[in-house]
Amino acid sequence: MSRFFADARLVAAKDLRIEARSRVLLNQVAPFALLVLVLFGFALDADQRTLRAFAPGLFWVAVLFCALLAIQRSVSVEQADGALTGLRLSGMSPAALFVGKASAVFVQLVVLEVLLTAGIIVLYGSEVEQPLLVVATGLLAAVAVACTGTLYGALASGLGVRETLLPILLLPVLAPVLIGATRAFDDALGNAAVDGWAWLGLLAVFAVVATAGGALAHGALVDE
Amino acid sequence: MVELNAAVALLGRFPALTGVDLRIEAGETILLQGPNGAGKTTLLRLCAGLLAPESGTVTVLGHDLTAGSERRAVRRRVALLGHSTGLYEDLTVAENVRFWARAAGLDAELSVERVVGALQRLGLDDGLLDLPVHRLSAGQRRRTSLAALVVRRPELWLLDEPHAGLDQAGRSVVDKLIGDAVAAGGTVVVSSHELERVRTLSPRVVTLAGGAVHRDTSP
Amino acid sequence: MTHLGYLIAGWGIALGVLAAYAASIVRRGRDLARRVPVGRSRWLTSPGEDA
Amino acid sequence: MTETMETTDTTGSRGSRLLGVVTLLGLATLLLFAFALTEPDVRLHPTTGQEIGQFDAVRLLYLHVPLAVFTYVAFVLCAVASAGYLVKRTAWFDTMAYAAAEVGTVFCGLVLVTGSIWGRPVWNTWWEWGDVRLMTTLVLFLMFTGYLALRRATVDPRASARRGAVVALVAVLDLPIVNRSVEWWENRTLHQKSTLGELKIQDLTLFTLMLGFLVLGLVLAWLLLHRFRVGWLEREDAGHGVATAIAERRADIDEGDVDAAVGEGA
């Protein structure tokens, strides 16, 4: 068991170190995230009241778009020079590999969420009424997206059509996360009188299922 | 050690191996040769447990590779040097070698000294250790990738064109490496176009053609 | 009959698509059946049955 | 391959032809009942005495409701076969999963189309965002569209089978969560359980609906059977191709090429 977590930590640390060196997230994905917020502003006619009302939904749509990029990057890191073959040859358990890859994506998503939260506060005038709910939602949704995304990244890896296939495979599956996280934010940002904590329960169920299912299914996909 | 009987392997729907019969004893060194597309790379990947045989049997180090769990078990005990180096471009040479050592289950302290030793054996001077891989030449990458294998001290070496892309000094380093591996009791299978060079290392030459063993000579 | 247009559209599209899909399956099956020996199609016990 | 190369030109068999004929007769009977023998849904408003109800639009439900039920049957079948494949790894399970997914996706698309066409006159909208079953079915349709795209994009048959099995299982496991989330989302639904209960259920209406279930069940069975056979033949055809390719590859060895390659470094 300690071997499992050591392997997972090793892989996660490796992915984060690569990110720290290459700065793909910081130099490309983060600006893209802000750009999406600005584009929504243009599309919705720059009326801050409208933007504020839709801020939770726009926030989570932006997160999903960025997550797609982060996952594509996570897959391509292993495919650039046959590293995936090396990982398979190392005898590391596919579940540990899964947890490691997903953890690295999770950390990157959390960074993006922090950035986007600042974005909707500044650009859309949102106010955080329940910081605890925002944090809890952000973390649980990031777990759900990172795990599902890592599993689906493995599914589409090695295919010439990966970039186009991944969104249509992944986004429908994440529909409940989008709905749940948006409603929880509606509550946390004081937009609507809904019980955000109940939605958090749904996100928690999704996150647990995605983590366990992903770890189990990853072996069937990587070991081909 | 390694035994294949009528082993067939597919790449997608292409039969890369069409029925290989081959027996390799422990401590032997084998030179694989044959025209391009004869199945050398696929044979090495099959023995490393990366592919499932479509039919026939493959036994490596006592593992029956028709079973998925056995393929996983054997991977840890073999070293495969493929065409791609399996290095992360943005990490340094030392980081790459250390990562692969730890991924193979070597614990941290042990691997540090092994890393340095392995790199020195491959003639990579200390100045390169902290360079990111994307700044290395092709030959230096190849050596780094070999160093990542050396630290694992595998029982079976599967080397696919180890001399490719190396300069004269690099080739000698590879030859010495193979010699050391054999001296340490390891078994080595090398595919190479450098026939003269490898023949001095290995008395047994197996020629593949059309995805099967065409000739098996011990001159 | 009220809503006749909706009824024709609904039933028409559904039955039309099902018929087209069934036809495509039959066509794919015929092409393939010509290329595969009868003994390897598990549901055909005796080759003469469908002759 | 020393087998006789005797082939046929059909995926039919005596049993499947009988099934086909019964299905076609069933469809004709269903049309007769749905359009001629049943009455339109017309009721009188209890206070105003106006005529209300679905009128003749109800005739679409005899098709729509069974299609919807059998869509779910097909997808559950696909998930079960996928799980079977991951455990047993046999071609039968994989072929069945792929067949069920493809037929299910066709059914699912038709459920959305017929539902939308029915909703326009009855709910006065083509599309109702707050409706749980509608949204769940749409998400399901999108997930299985992805499934089919993935299977077509994967060349290696084993990888295709494994990846497909994972996607199908995820889709079906995700379904209750999607359903729950949409239900809470707006907490309103036009698809009240009483959609059918509200009808003036006469014996004949109920009978026609049951007939619809029976006939669409037969349609599903016929399509599944033949799609399974197509999948099986595709596999056999590929296997046959591999056997031929192996023989050709072994026969094609050119001594000259081998010697040239071997002599290259000498």
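All chains are identified by letter, namely A, B, C and D, in their written order; residue positions are counted from 1 within each chain.
The rule we apply is simple: a residue touches a chain if its C-beta (ideal position, glycine included) is under 8 Å from a C-beta of that chain, and two chains touch if they have at least 3 such contacts.
Computed from a predicted structure; not experimentally measured.
**Student:** Just grab the chain with the largest centre-to-centre distance to subunit A, centres being mean Cα coordinates.
**Tutor:** Greatest centre separation from subunit A goes to chain C.
**Student:** If you tally contacting C-beta pairs, which comes out ahead, A-D or C-D? Let me know.
**Tutor:** Higher C-beta contact count between the two pairs: C-D.
**Student:** Could you put a whole-Å number on the gap between the CA centroids of subunit C and subunit D?
**Tutor:** From the centre of subunit C to the centre of subunit D is 14 Å.
**Student:** From the mean C-alpha coordinate of subunit B to that of subunit C, what's the distance rounded to whole Å?
**Tutor:** Each chain reduced to its C-alpha mean, subunit B and subunit C end up 52 Å apart.
**Student:** Rounded to the nearest whole Å, what is the centre-to-centre distance of subunit A and subunit C, using the mean of the C-alpha atoms as each centre?
**Tutor:** 43
**Student:** Using mean CA coordinates as chain centres, what's the subunit A-subunit D distance in Å?
**Tutor:** 31
**Student:** Two or more other chains touching the same residue: where does that happen in subunit D?
**Tutor:** Residues 156, 158 of subunit D each touch two or more of the other chains.
**Student:** Please list each pair of chains that are touching.
**Tutor:** Touching chain pairs, listed by label, come out as A-B, A-D, B-D, C-D.
**Student:** Touching residues of subunit C toward subunit D in the complex: what are they?
**Tutor:** 1-4, 6-7, 9-11, 13-15, 17-18, 21-22, 25-26, 28-30, 32-44, 47, 49-51
**Student:** Spell out the residues on subunit A that touch subunit B in their complex, using ranges where they run on.
**Tutor:** The touching residues are 3, 6-7, 10-11, 14, 17-18, 21-22, 77, 80-83, 85-92, 223.
**Student:** Which residues of subunit B touch subunit D in the complex?
**Tutor:** Touching subunit D from subunit B are residues 8, 10, 12-15, 18-19, 33-36, 38, 52, 54, 192-197, 207, 209-212, 214-215.
**Student:** If we count contacts the way the header does, which residues on subunit D are in touch with subunit A in the complex?
**Tutor:** Result: residues 86, 139, 142-143, 145-146, 149-150, 153-154, 156, 158-159, 162-163, 165-167, 169-171, 173-174, 177-178, 180-182, 184-185 of subunit D touch subunit A.
**Student:** Would you tell me which residues of subunit B are touching subunit A in their complex?
**Tutor:** Checking each residue of subunit B against subunit A gives 48-50, 68, 71-73, 75-76, 78-80, 82-91, 95, 99-100, 102-105, 132, 148.
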